[in-house]
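Quick notes on the structure that follows.
Chain naming follows the written order as A, B and C, and within any one chain the residues start at number 1.
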Amino acid sequence: MLKFLVRRLTLGVAVMWVVATAVFILYFIAPHDVARTLAGKQSTERVIQLIRHRLGLDKPITEQYLDYLNRLLHGDLGYSYVNSMPVVNVIKEDLPITASVAFGGAILWLLIGVSAGVLAATRPRSFLDRTVTAFALFFYSMPVFLLGQLFLLLLFFRLTMAGFDIFPGGGYVPFAASPGEWLRHLILPWFTVALVSASTYARLTRGSMLEVLGEDYIRTARSKGLRERRVIYRHGLRAGMSPVVTQFGIDLGTLLGGVILTETVFGLPGLGQQIVTSISDGDLPVIMGLVLLASGFIVLANIVVDALYAVLDPRVRLT
Amino acid sequence: MSQLSAATAPPEPAEAGLSEAAKKIEGRSPWQLAFERLRRDRVAVGSAIMIVIIALIAIFAPLAKRITGHGPAGQYRDTGLSPAGIPVGPNGMFWFGTDELGRDVLVRVIYGARISLLAGVAAASIAVLVGVVIGLAAGYFGGAVDTVLSRFMDVVLSLPYLVFAIALVSVIGSSMQVSIGVIAFFSFSSVGRIVRGQVLSIKEKEYVEAARSLGAGNMRIMFVDVLPNVLAPVIVYVTLLIPLSIVFEAALSFLGLGVVPPTPTWGGMLSDAINYYQVAWWYLVFPGAALLVTTLAFNLLGDSVRDAFDPRYNRLFAAEE
Amino acid sequence: MSTETLLRLENVVKHFPVHSTRLLRRTEGVVHAVDGVDLDVRRGETVGLVGETGCGKSTLARCILRLYDLTSGRITFGDTDITELSRRKMRPHRKRMQMIFQDPYGSLNPRRRVGPIIGDPFAIQNVADGEERKRKVQELMELVGLNPEHYNRFPAEFSGGQRQRIGVARALALRPEVIVCDEPVSALDVSIQAQIINLLDDLQDEFGLTYIFIAHDLSIVERVSDRVAVMYLGKIVEFGPTEQIYNHPRHPYTKALLSAMPSADPDVAEARERIVLRGDVPSPIDPPSGCSFHPRCPKAQQHCVDVEPPLEVKFTDPPAHRAACHFPVGDGEVLAHATPELALDTEGDVL
């Protein structure tokens, strides 16, 4: 297990290094004069030179690259062009919102997807099965941002107009301020994030479960007289979940993408929204800082998912 | 010995009945068989017709301009906006209503189909082309080539692609070509992995060995003997990659990173609509429906194509390997 | 049959490294698939190669055709040492040696039509084009007993026997001198096996072909071969004229193999002792010391564990008949049966 962790962490560090280098290269090919941007429109050439020197932009590129890596290692992601705030602070401010959306959404996504898939698999070809499959295909084809907007139109706007003020029309309330309001404001974003991906998981779980339930050891369990419920949940689900867990690791990128779009739709001032405003402002340090953060999250989460995979499937040895 | 006595026996009936079977001389290829199955699949035929209709609408978009008299970027502030400056709903003049600038939503949705289809098909094609070549090389040559290519694909796959796409586009600048390139870049890896996995098993087949024993070179084996056998899963994947690319493009446009306004795109319209859905539901619903119908049609077709090629294959979304 | 040696194998060794599946591949062991084989094949004869699954027969066949590179040793074909020839230099020699594969399903590309499959040799060697190629392919189809009108069919539309005929036609296309037949009939129904064997026979007469015939079915090998080589764990343990091997086996392993041969004559079957070998075939990753057959041999002694026996003439056998055994089996000698308990857990040991 330790060996596995060391190996995966090494690989993760390698990926992060590739990402960091890619980010650095992007900085350089960007048609953007950092010093000029920082100096403002009215500044003289001398001021620009001064800033350039202070930022080390007049040093050779290799030296800049090493400086940059060194700063990254110390957790320094640079400063926002727009308000000169350290990028780290920007992230700290917005992270709780994004984390709320992402975790809640992911849990809901797995919950809906897996349970729908299992239900469909236990009654193959039934009405329920076909309904699940149809819904899965429908939501699979549904872009996240469209779903979010439809929720806003139907569940917030129409419902509120009709006198049922259940769902708010966006915005965020911190958990500390009011847990109830926090929940109320996040329900629609969660479902938005969850439903689209859940459809994939419903189909995946269904297929995987059907396969597992057809195997000999399941029949053995049945012939031993175990109750159907126990057969399915105790023996079937555990084996049937392996491909689902693998896929989840791959789909974390999709999760982040969904969160960005969802935040934009619901006006949640999280990292996703931050990255969108940074784009329109051309605020490269913030964009790149967020890219690094997101990659780091994916790398770490993948290690967790792999470890989980081994727990589910004893045949997998972590080497 | 049984073999010896059988040696003098008359030939088996199956081999004797050649002349009768010869009536149907042209064999049907596995492709033809799959196509036959597709043609009998009502969902497949329906969604294919839908896709053709959408494509025709996109191609003949200028006709819509002729009929309605509204250009895709034309602002009709007198007829298209209420006195208070609010978009007008569907009516005889604007069938799908107007947007906040008094533009015809119908005409814009029709023109938007061009961008969506073009971006979707182009990005998926590039991704498949690159993915097939890389997957073929990785699987066929193995060793260091495989290690390098596979690791590269793994890294690309594990990146948070939308975040990266945002970073890339914000540096390079947004345009149709950039969108297509970025979408293709983040899609080819999954094609590459599928192809690689297939090639790994096919290259162990005896017919590959047979080709080698005849003196065939690597290129000939890769493209004559291996490639045709990996195409089925690739074709299945393409039909599913197109809607993914369409959604990806729409997402980029939605974030303001796609095709530059005022060129109408579905994603861009949805992005603008977010501020107006309370007063102009049509602004949100029509482009949204167009997007949904398109992706749904492609996904339904993709599903049927998969069934046609391999009726047993029910793990479409399973991770490879 | 002439006495000209067409193909000579000298101390041919093929080892496969076993890799760990780590990021950094490390060789963790070596499979001794072929472990020092000497063999000479004369023009126009059929040499049978028998042995259990996994004894290295197929690997040896692929070494002969240079589908694998040798670990060490030498292969001479005609006057040419082909051991180290590059892919490009090897190509002209490939015209002269061909292979018929075991699996009539796996050896034909399912996505290609039969005509182009049989025409592959012409295409690859750039011999005939267009109409001429088609004409030649159809001639070949006729020659092997296929309907030339089926030129445009797919392999899936043929029966197993017909598919193997396709394989034969492909192997025959360039009029090779040697054809290596790797278990060409073991995947076929018994009734069809005979047809393919007869076809191969006829073709040998007509074109003066030389066959290396690999099989685990001893009765087929007896029927087709002029000489037979018995392989065990990557080595040839006995080699000689067919009649000698079948009537006067010297190696206990050969004797055991023959005793398991089914017989159509119930009296013969009744009379013959059935020798059941002890234990399993040892792993070729770590072959036993000395004579590699010693752990399973009823006659094994300490000497067999220590010293590897050379392949040499035993008793008053003709010089062409050689066996690698310290304690060869005499004519009429009855090998000790394995104890009943041991015999119980050795099911399927002998073919």
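Here is the rule we go by: a residue touches a chain if its C-beta (ideal position, glycine included) is under 8 Å from a C-beta of that chain, and two chains touch if they have at least 3 such contacts.
Please read these numbers as outputs of a predicted model, since none were measured by experiment.
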{"item": "Geometric centre: closest chain by C-alpha means", "value": "B"}
{"item": "Chain of greatest Cα-centre distance to chain B", "value": "C"}
{"item": "Whole-Å gap separating chain A and chain C, where each centre is the average of the chain's CA atoms", "value": "57"}
{"item": "Between chain B and chain A, distance of the C-alpha-averaged centres to the nearest whole Å", "value": "24"}
{"item": "Between chain B and chain C, centroid-to-centroid distance (C-alpha), Å", "value": "48"}
{"item": "In chain B, residues with contacts to at least two other chains", "value": "none"}
{"item": "Shared interface positions of chain C, touching two or more other chains", "value": "none"}
{"item": "Residue numbers on chain B that touch chain C, as the complex places them", "value": "1-9, 11-12, 14-15, 18-19, 21-22, 25-30, 205-207, 209-217, 220, 224-225, 228-229"}
{"item": "Interface residues, chain A side, partner chain B - complex", "value": "15, 18-19, 23, 26-27, 29-32, 137-138, 140-146, 149-150, 152-153, 157, 200, 203-204, 207-208, 210-211, 243, 246-247, 250, 252-254, 256-257, 260-261, 264-265, 275-276, 278-280, 282, 284, 287-288, 290-291, 294-295, 297-299, 302"}
{"item": "Chain C to chain B touching residues, read off their complex", "value": "62, 65, 67, 87, 90-91, 94-95, 98-99, 101-103, 106-114, 120-121, 124-125, 145-147, 149-154, 156-157, 159, 161-162, 167, 170, 189-195, 197-198, 217, 219-220, 223, 262-264"}
{"item": "Residue numbers on chain B that touch chain A, as the complex places them", "value": "155, 157-164, 166-173, 243, 247, 250-251, 254-257, 267, 270-271, 273-274, 277-278, 281, 284-285, 288, 291-292, 295-296, 298-300, 303, 314-319"}
